[in-house]
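Each structure below appears as structure tokens.
Two complexes are shown next, each including chain A; its partner changes from chain B in the first to chain C in the second.
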Partner chain A sequence: MTNYKDMLKRGAIWGFILLQLAFFSIIGDQLSVSDQPFLAYDNMLLVLKQSAPIGIIALGMTVIMINGNIDLSVGATFALAAIVMLDSMTWPFMQALGDWAIPLAWIFALMTGVIMGAINGIIVWKTGVDAFIVTLGAMLGFRGLVFMFNGEQPTSHLNWTLVDFAEAQFLGLHTATWFLLGTALVLWLLMTKTVHGRNAYAIGNNRDAAVNAGIRVGPHFIWNFMLIGFLAALSAVVFYSESGSVNPNDGMLYELWAITAVVLGGTKLAGGYGSIISTLGGVLAIQILRKGLGHIGADTQTVNLVIGLILIAVLVLDRQLNRKGHGELKI
Partner chain B sequence: MTDQTPVLRLEGIVKTFPGVRALDGVSFDVRPGEVHALMGENGAGKSTLMKVLGGIHAPNEGQIFVGEEPVTMTSPKQAKAKGVVFIHQELSLAGELTVAENMFLGELPLKSLGRVDWRKLYDDTDAILKTLNVRFNAKTRVGDLSIANQQMVEIGRALTVSPRAVIFDEPTASLTDSEKVVLFQVIAGLQAKGVGIIYISHRMEEIFKITDRISVLRDGQYRGTVNTADTNEDEVTKLMIGRSLDLSRSPVSHELGDVALEVKGLACGDLFQDVSFKLHKGEVLGFYGLVGAGRTEIAETIFGLRNPSAGQILLNGQEVQIHSPIDAVRHGISLVPEDRKDQGLVLGMNCRDNMTLPQVDDLTAGPFVSDGAEIAIFDQYRDKLDIRTPGWRQLVGNLSGGNQQKIVIGKWLSMRPDVLIVDEPTRGIDVGSKSEIHNLIRELAAQGYAVIVISSEMPEVLRVSDRIVAMFNGSVMREFTSEEVTEDNLIQAISGMGAKVA
Partner chain C sequence: MQLTKQDIGRLLAKQGILIAFAVFMIGFALANQRFIAVDNIAGVIRSSAILGVMALGVTFVVIGGNLDLSVGSMMSFSTIVVLDLHDKIGPALAIPAMFALTLCLGAFIGFLVGYLKLNSLIVTLGMLSAIHGLTLTWSGGKNMDIADKAGTWFSFFGQDRIMGIPVPILIFALLAALLAMLLSKTPFGRKVYAVGGNGQAATFSGIPRARVVFYTYLISAFCVAVAGLLQASRSLGSQNTVGQGMELEVLAAVILGGASLLGGSGTVFKTVIGVLILGFIQNGLLLVGLDFYVQYIVTWAIIILAVWLDVAAKRGRLWSPIA
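Our next item is the complex of A and B:
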């Protein structure tokens, strides 16, 4: 019975996605401003591709949140990693390397993400200050670094080899989509099959019990913050390989979109419960909604309003389904 | 007193949840000035009954009477207005607010324009506190009070209305013996005023000390009411569990082995000083003392959760340095903590994952955890400890207290420790499971484990221990063998009476 309910809960986000698809392809196509049907293959491929930047971050955020923490600095890390990647390719010694500069620039960018994450993790571990506060500070601080680099000016470098790679399609899917799915697979294995994943759930659910069981909570935190820093940078690498230009404001609010996707997927803010696959569902649900509302001609403001309302409605529904009849206090 | 109208009467209360008949025709009454015990194992329906009384659940059938008047309870607030108030086991106080604000929470006296009448608030509060004979005042911050005093604030809150019936749910669970005495005085004071008391507890000694009648629930059914003076523990136990329990002490029937653990002059700041003892293989060493005597802190220090400020720990004759639980586990020390829900279990995880948590590192095949190895361990200890669960996928949070405790014990036994420390092995566990856990501890000792049992319950310490260390205020007062210990000399030792005997 418990498992049946659990399955239902985990499946809910996919049911929601089907509902959206049905809505936009039946009603949406009537109102549509374009003559292409919503469910067109190309359109769906685009949904997947455009889910990738926030999706990759949201998948990492799931690990952080199951762990009982949160990371608000991912948007700033995203922008910082993008700058490192694009700018490093203009350095003289890098230019001398020709296309070999590309993997090196990627490594620089990913290292940046890992280092930023490690900073967060070490502070959370060693000071015991709540991750919310630490990463709030980091969010401001890292963003400050972004602005210090080039003022209000965008940082640009277009490398056509890179653009070709980013726009390539393999087995029909875009490069960014492969990164999204690959990240999801690796993190799913990490969270369901490995000791690290088991410990993440245990720590998020009951930190004291985890300490008593001999789990090193501090180092565990650092690994996870390094992981999400890496993923924020990976997201930047995938996205800016194609666009080639980063504004200092890029990635703002990404942390909140990532958290929205994670929460839509059913992961608990308090930690200890959640699933990578459901977050993937949450990411897709948001992107389909954006795409679908755009399909029927709604503007960005309307899209945000609708997503906000749906997020609250989903959580209210979740609470009603899960708490009814447990003799909970009325407030 | 017997022919007065009851202050509270229940008639044929039935409450069903989907698939469960949680209460099945419960009827009893509480007379004015009476202390009426309500007993039953966990899951017998006591909590549901209290929720029905407090208006949180509406009964499907039956009627509640307050005095002569039939009432339908719709909320705790309405129950309170009718004069039925609850002192819950888990205190629900706002630590940052004052005593007065807590006692009148939601009902602060007001002046014009909605301003709080602070003077009246403090005066009313102090008047109530005076009747409770406590040493704090209306303006004290609740967070600064001891648990016992916080409970007094809860009682004070009940007295802000003139209660007709007060329901105490496990009031002594976290009180020391001297604090209990104070509580019992307060209860006696309420009795004298003609208030009817329902007293819910697992503790037989208390029940027989302070109650007039005992009503027993089993599996949601009312099993009868007896006069306390006309019955005994055996009879009540039989009513509760449908069979009698062997509560006698198990004799020491095995040879003790070598010294497994020796502690010399261990100290940790102000918490405890100069603690020395030896623990043999196959022996159960009981630690008894009041709450705050330093017993749990000693265990936590040996387990590496606290850093000692002085002293040595020797395992099998070798001195060891233990800086963290990881070191402790590696040296073969395991700790079953005091609070299994907060410190022992990951309630949102299944039984198997909880049991293998400390050793999951060693159960891997390549990068992944091996399902088979985990299930093998779970099955082995489920059978060994007789853990009743539908399967390893069951969330630990859904198990009964006794089975939860067995999961924690299984978790640490599966690490094959030399020394097993069990802190409060049966806190919040019903009578039937209690004796199972006691037998289990004895059995573990017989198998050669060196076991330390820390307990606040004297019968428990007396029953399971081969030797008992009595602690007072951070110091070891005396060590007793099972032959020389009596309830009297044990109480004297833990309350600081008599000279320290090394």
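Our next item is the complex of A and C:
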């Protein structure tokens, strides 16, 4: 019985996606002004591609939330990594390297993300201040670092090799989609097949019990914060390779979108429960909704309204399905 | 009497935020005389007033053991609504209508978090998005402007002075005083602490937990409506995203004031100090000649230090015992 219920809950997000697809392709195509059907191959490819920036971050956020933590600084890390990547390519010694500057710029950006994550992780570990507050502060602090580069001016550097790479399609899928799917696969393996993943669930479920069982909680936190820092940077790298220009305010509210996707996927804020694959479902559901509402000609502003209400509806449904009330916020 | 290490620790933890405030003020004053000029101080308080008014309401929610991430987008909503209605039904009707609509939103959140016992973080996160959508639908995505900016008395709240004191400061001070009384001198205030401190114990002692939480969200929405009024009246025109991102700044001010996110602790007075610290740091760093982004980095350090001190004093040791 419990298994059946669990299956139902895990499958819920995919059922929702199917429902959305059915709705937008049957009713949507009637209302739509475009002559292309919603389920057109190109349109679906675009959905996948556009899910990537938030999606890669949301996948990392799942790990953090299973751990019982939260990271509000990912939007700022995203912008910081983007600016490091684009700015570093204009440095004289980098320009001398020609196209070899690209991998180096990527490494700089990814290192930035890892370092920012490590800073958060060390503070959470050593001070014992809750991750919510630490990363709330970091959200402001990292944004300050972003502004250090170019003030309020956008930073731009268009490298055509990079743009070609980002716009390329391999086996039909865009580069960004491959990064999203690759991240999902790696994190799925991490969370289901490794000791690290098992520890993450254990710590999120009951931190004291995990400590007593001999898990080193502190270093574990640092690894996970480094992971999400890395993924926020990876997301920036994928996105800005194509666009080539970053505004210092970019990535604002990304943390909230990512958390929304994770919660839609059924991960518990309290920790100890959740799955990478369901988060992928949550990410796709949001993007299909966005695309679908656009398809039927609804104003873009309706998207915010609908997603907000769906999030609350999911919470109400979840409460009805699981009345134990285990989901209190632990901060 | 001998001052032990523990005593100093306890004093720092209890009054640390006031001490830090004093140190900052003295430091900035020594660095730049202009910092303590009356008009500068009034300017800082005035520009902090909108954030401050919102922080007053959120203080109630946080003491009650919940979070409110929707205040930023709710403030955009009230600003847009009052500006739009101003030209349609006149300011005298627009203001109460805007208050009623904003309170409805607050009541909806209060119902979900209080009576349905849903997680406040996710509910208000959802509402952040939903209210933003509502605002955009209301305005059609366009900026809102009052047609006749010179001929309206609506600018009174944001721009006028009474006996030389800017009206926003008066409203902020008045509201702070009222809410401080409500929180510290009335049974309702004590119930808010009880519900946030230990919800189960409060329920067992007969305190209607759901209703108390519901009221904290109403208070928060009321404060947001006041903030929206100040914002609209100050600029007489607005973008749809005027309050975007303020929810987290407000929360930072409340935490800086020493309210614990676990609920059950914090005061209105300390929140005001938290708001002023943010405002004066911003101003002081600019006057000293540092770039504007330095304030973000300093705020980061201050938030973490403030909470760390608090946590450290409670557990009696500086570093976390986690392995």
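Operating definition for what follows: the second predicted complex is superposed on the first by the 323 of 331 C-alpha atoms of A that agree within 3 Å, B and C clash if a C-alpha of one lies under 4 Å from a C-alpha of the other, contacts with A are read in each partner's own complex, and residues count from 1 in each chain.
Keep in mind that, in the parts below, contacts are C-beta pairs under 8 Å (C-beta built on N, C-alpha and C of every residue); 3 or more make two chains touch, one makes a residue touch a chain.
Computed from a prediction, not measured in an experiment: that's the story for all the values here.
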Fill in: Which superposed partner A:G308 touches (first chain B, second chain C, both, neither)
second
Worksheet item: Which partner reaches more residues of chain A, chain B or chain C?
Response: C
Worksheet item: Does chain B (first) or chain C (second) touch A:L253, or do both, or does neither?
Response: second
Worksheet item: Which holds for A:K126: it touches chain B only (first), chain C only (second), both, or neither?
Response: second
Item to complete: In the overlay, answer first, second, both or neither for which of chain B and chain C A:A138 touches.
Response: second
Fill in: Touching partner for A:G28 - first (chain B), second (chain C), both, neither
neither
Worksheet item: Who does A:Y273 touch here: chain B (first), chain C (second), both, or neither?
Response: first
Worksheet item: Counting only touches as set out at the top, which of chain B and chain C does A:A213 meet: first, second, both, neither?
Response: first
Discussion item. Between chain B and chain C, whom does A:Y201 touch in the aligned arrangement: first, second, both, or neither?
Written reply: first
Discussion item. Going by the contact rule set out at the top, does A:G265 touch chain B (first), chain C (second), both, or neither?
Written reply: neither
Discussion item. From the superposed pair, tell me which chain A residues show up as contacts to chain B and also as contacts to chain C.
Written reply: 211, 216, 325, 327
Fill in: Of all residues in chain A, those that touch chain C in their complex
72, 123, 125-130, 132-134, 136-148, 151, 211, 216-218, 252-253, 256, 259-260, 263, 269, 299-312, 315-316, 319, 325, 327-329, 331
Item to complete: Name, in rising order, each residue of chain C that touches chain A in their complex.
Response: 67, 69, 112, 116-123, 125-134, 136-137, 141, 244-245, 248-249, 251-252, 255, 261-262, 291-297, 299-301, 303-304, 307-308, 311-312, 315, 319-323
Item to complete: Report the residues of chain B in contact with chain A in the complex, numbered from low to high.
Response: 17, 51, 56-57, 75, 303, 305, 324-326, 328-329, 335, 337, 342-349, 353, 357-358, 360-361, 364, 367-369, 393-395, 398, 411
Response to the item:
chain A contacts chain B in the complex at 2-3, 189, 193-195, 198-199, 201-202, 205-206, 208-216, 272-273, 325, 327, 330
